[in-house]
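In what comes next, chain A is part of two complexes: it sits with chain B in the first one and with chain C in the second one.
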Partner chain A sequence: MAKEPLKVLTESMFYVLLSLMHSERCGTEIVQYVSDTTADRVPLGPGTLYTILAKFEEEGLIRETAVEGRRRTYAITERGKGMFRRELNRLRQCVADGEREGE
Partner chain B sequence: MSRSRTGKTCRKRPSCNTYDIPAMEHWLKEKAAEGWQLTAWPKDFTAAEPCRCRFSIQPTPEKDGARWAAEPSPERRELYREFGWEYVCTTDYNAFQVWRSDRPDPVPMNTDPEADSYAYDHLWKELRLRNGIFFAATATFGVFIVNRVLQTGHIFVDVMAGEGTPFAMLFYAVLSLMAACRFAKELYTLRKLILRMKNGLLPEEKRWVPQYLGRKGVALTAVFLIYLMTVFLFSPHEQTWLKEEKELQQLYLSAEDLGKAAEYGPMMLKRKALLGSEYLLAMEGGWDLAGRFPYQRMIHVNQIEVYAPKPSFLAGVLFAEIANGYVKEETGEKALSFTQAVFEDARYFRSPEGVQHLVVKEGGKVLYFRTESPDDLRGHLPEIREILAWEGIS
Partner chain C sequence: MSEQYDWAYDALLPGGLYDVAANETWLENRAKEGFHAFRAMGSRIYFAKGESAEIRYRLQPMLKEKETLEQDRVELYRSLGWEYVDAVGGVFHLWRCENPAAPELDTDPVVQADGYRYLKKRMLRSAAIEGMILLAILLLSVTAGTVLRNVLRDSLPLESLLWLTAVVCFTLLEAVNVRTMLRFLKHLKGGEEIHRPRPYRRRQWLQRAVVFCWAGFIILQAVGLFWPAGNRDMIGWSDMANDRTPKAGTIYLDLEHMAEQGQEMRFEVALRKFHELAPSVTQVRMRASEGGIGVTADTTHYVLLSGRFSETLVNDIRYAYRNWEPFEEIPVSGLDRFLLSTDNGPQVAIAVKGVEVLEIVYGGDTDLRTQGAYFAALLG
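Up next, the complex of A and B:
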């Protein structure tokens, strides 16, 4: 049985949304941001990035803001920000539960 | 690699399923190592220097216009190039795009199975719809064939008498079934891959294993089917129109012998051999020049058909088909059994118009006698037995 789509974000999805929280970015910049932020802990392949961007756009979490030559720039939407906050809260609860019960 | 091979192109066919993505990627990698580079789909290869490169088969993204976009957008090409991947070609129905990397350690194309699975969603819907339509068409065709066999009730008779239609239908039905099995396997393979990815698991690393037996099996099946088709449609077939045919004296009981005036001149003798089976038709009649029928056709005043099938147990099936299906088709009634001690089995029917139908079975052979003559055929059983026992019919 497969999971319900986008109910829980994967790490890659989480960081792609995070990369767009404060500025618009193109594909290459997103990959660079994820690589720098996670110190290469979270790999992001081009196929995966493209699929995530397409899915997020389809779900209205991000939108295309500009096309300059071969560069497309993306920005997060209000819906995307809401999704990011929900995911952040879920992760906080996970961490809190883990710290309280697991240590 | 020899210089003469450089630039040579050829088509290569993997024995793995096209939708078995990891196996296909591995197969392309092996071909490149052997000096064959994929240049175009389906499976066009060009001879080149053997190289160690990697392939990635990606579903065509919906954003690019789904299956209508044959090639990736310039933006996608550039982004992928930065990661070391070059576009090669697009597969059938624009389902997948093939990418190649010559770098020794390229950034993997896919790093998050669950996220990657979304790229397959629209492909899965399309494949399901396409194959669903095909399955429905195949099922309808199957029902049509079964219905036809049940309605006419004489498919073996038609095949032996040289009518190619029933066999051709069965041939196409077998081909459709084989194609349906292939498409079902494609659906199963792709579904398995998508479910695995949606659960966050990487696609199984598959090493492509050559399946020579499978390839030979497919080739043998194709040759066998073509052979059968050829044999059925172009088997030895003789047809003569000679009234003085010597054989006729031994295998024919004429309308005149049965009390009917010799009204029609031409006599047709048709003989057909098929995979050891034999069919023989001796017929008296003529072209309908008097306009008895709305279109010109043969009038079968008196006809004898002998079926000698191989294997001989098919005689029982043929006997039933003629007595129940063939006769019923013309008269609306089945031929009925009657008391006699000459044949293993015999059926007879006389229509209100006076047309007699006699079907007998003996020694793995079946004889069908249809006549418009007045004499009761049941009174001529010993003579008919001599026809059936004639050594000219194996």
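Up next, the complex of A and C:
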């Protein structure tokens, strides 16, 4: 089934990519990272995490690096980093526009 | 899991397969009543009796056909408080969570909507297939005809009623399924979370009606098909009164069916139907010769139970002579209707007055068109 490529990341997607920017992580580590970084502001349920990981892997934004027993580890790809930077720029633009026009 | 319970039972998902919120609400309500889902087979959920508990149930769509659940995924979910129950309907994974502090299974509606792509495609495909099957059955039942249809169509409207009710309910359910899923996806894509609890009782009743009607329809079909040949006549009708004396009436033979089956045209083997619409039927057959030319007149006088039956009988007689010239309606004073048809000589006339019907099949020189007043005088 042809899926639409990602253009914009949701908040959950953004933080999942962010969690992999500097180190490889498994699912529970990603959840922990997002929880710590956002001080529980962004909840990340297992269903959402799994769907995001599957979609990112399919689009080549992340790749599986190791399977140790029941633990699967992921790393971000160059394409994923590019996607993250584009999203970050978009958000910066949004914030700049908001600060300039909205305050 | 079932071993720890005293007994178990199973039930169909009330919201069809695709009303996720309604089905989850139903599972949670069952858990509050002490019935815990522990297994699934198709859309059927198996419950075991236990203690009443507040348990969250969530249905998560499979991302592809026959998706298998990898152990690392099960572990990931478990580490966040979610236990796997079973696959449901080949399209969902069912999860349960007893810990109220555990996070929701899906926390991002937009991501969740993305997970429904395969399911949406599958739902639309199955709706199309089911629609085609329904249409095929409908066409078959209209064109092919069955023993049951021949024998019971007029006498027992139950078959048609069940069939129609099942078709209507089924179509309604399918429409509701498609609408529910499309609305559901629209909400998710708009970033809205699923609203729970969601009512399901009305759909549950609709679903029960479909199952009941289909079952009744199939049973009636089976009865019609496998009824012993010698007893096929008089199903639902009896030509005997309670004291076993014959009743006045009309026996119809299904000659068309016999011809279709290549059977010998005998009364004993024919599909028969007793019609008590005419408590009084008198037939007089006259044969004479006028100047060496044969004259025949078969006159049948029916007294029916109601004017409605008169109309039915007139239609039946007209149908019997459908290969003759079309019936001409002739206004005659003293008669409700007077109809005449010919077939290169022989004439058939139908005179109707209230509940009385006179059928005359005549072969002779007289033009029955001129005899309306005479027939009127015979009736009433």
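FYI, the second predicted complex is superposed on the first by the 98 of 103 C-alpha atoms of A that agree within 3 Å, B and C clash if a C-alpha of one lies under 4 Å from a C-alpha of the other, contacts with A are read in each partner's own complex, and residues count from 1 in each chain.
Heads up, the rule we're going with is that a residue touches a chain if its C-beta (ideal position, glycine included) is under 8 Å from a C-beta of that chain, and two chains touch if they have at least 3 such contacts.
Small disclaimer: the values here were computed from a predicted structure and weren't measured.
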*With everything superposed onto chain A, say whether chain B and chain C fit together or clash.*
clash
_Between chain B and chain C, whom does A:T10 touch in the aligned arrangement: first, second, both, or neither?_
both
*asked:* Contacts for A:L44 in the overlay, against chain B (first) and chain C (second): which applies, first, second, both or neither?
replied: both
*asked:* Contacts for A:G60 in the overlay, against chain B (first) and chain C (second): which applies, first, second, both or neither?
replied: neither
*Thinking of the overlay built on chain A, is A:G82 touched by chain B (first), by chain C (second), by both, or by neither?*
neither
*Pick out the stretch of chain C that clashes with chain B after the overlay, from 241-249, 259-267 or 331-339.*
259-267
*asked:* Identify the residues of chain A that lie in both the chain B contact region and the chain C contact region.
replied: 3, 10-13, 27-28, 43-52, 54-55, 67, 70-72
*Complex contact set, residues of chain C against chain A*: 58, 60, 63-64, 70-77, 79-80, 82, 95, 103-108, 110-112, 114-115, 117-118, 121
*Spell out the residues on chain A that touch chain C in their complex, using ranges where they run on.*
1, 3, 10-13, 27-28, 31, 42-52, 54-55, 67, 70-72
_Touch list for chain B against partner chain A, complex_ = 56, 58, 61-63, 74-80, 82-83, 85, 107-112, 114-119, 194-195, 198-200
*Along chain A, where are the residues that touch chain B in the complex?*
2-3, 5, 10-13, 27-28, 43-52, 54-55, 57-58, 67, 70-72
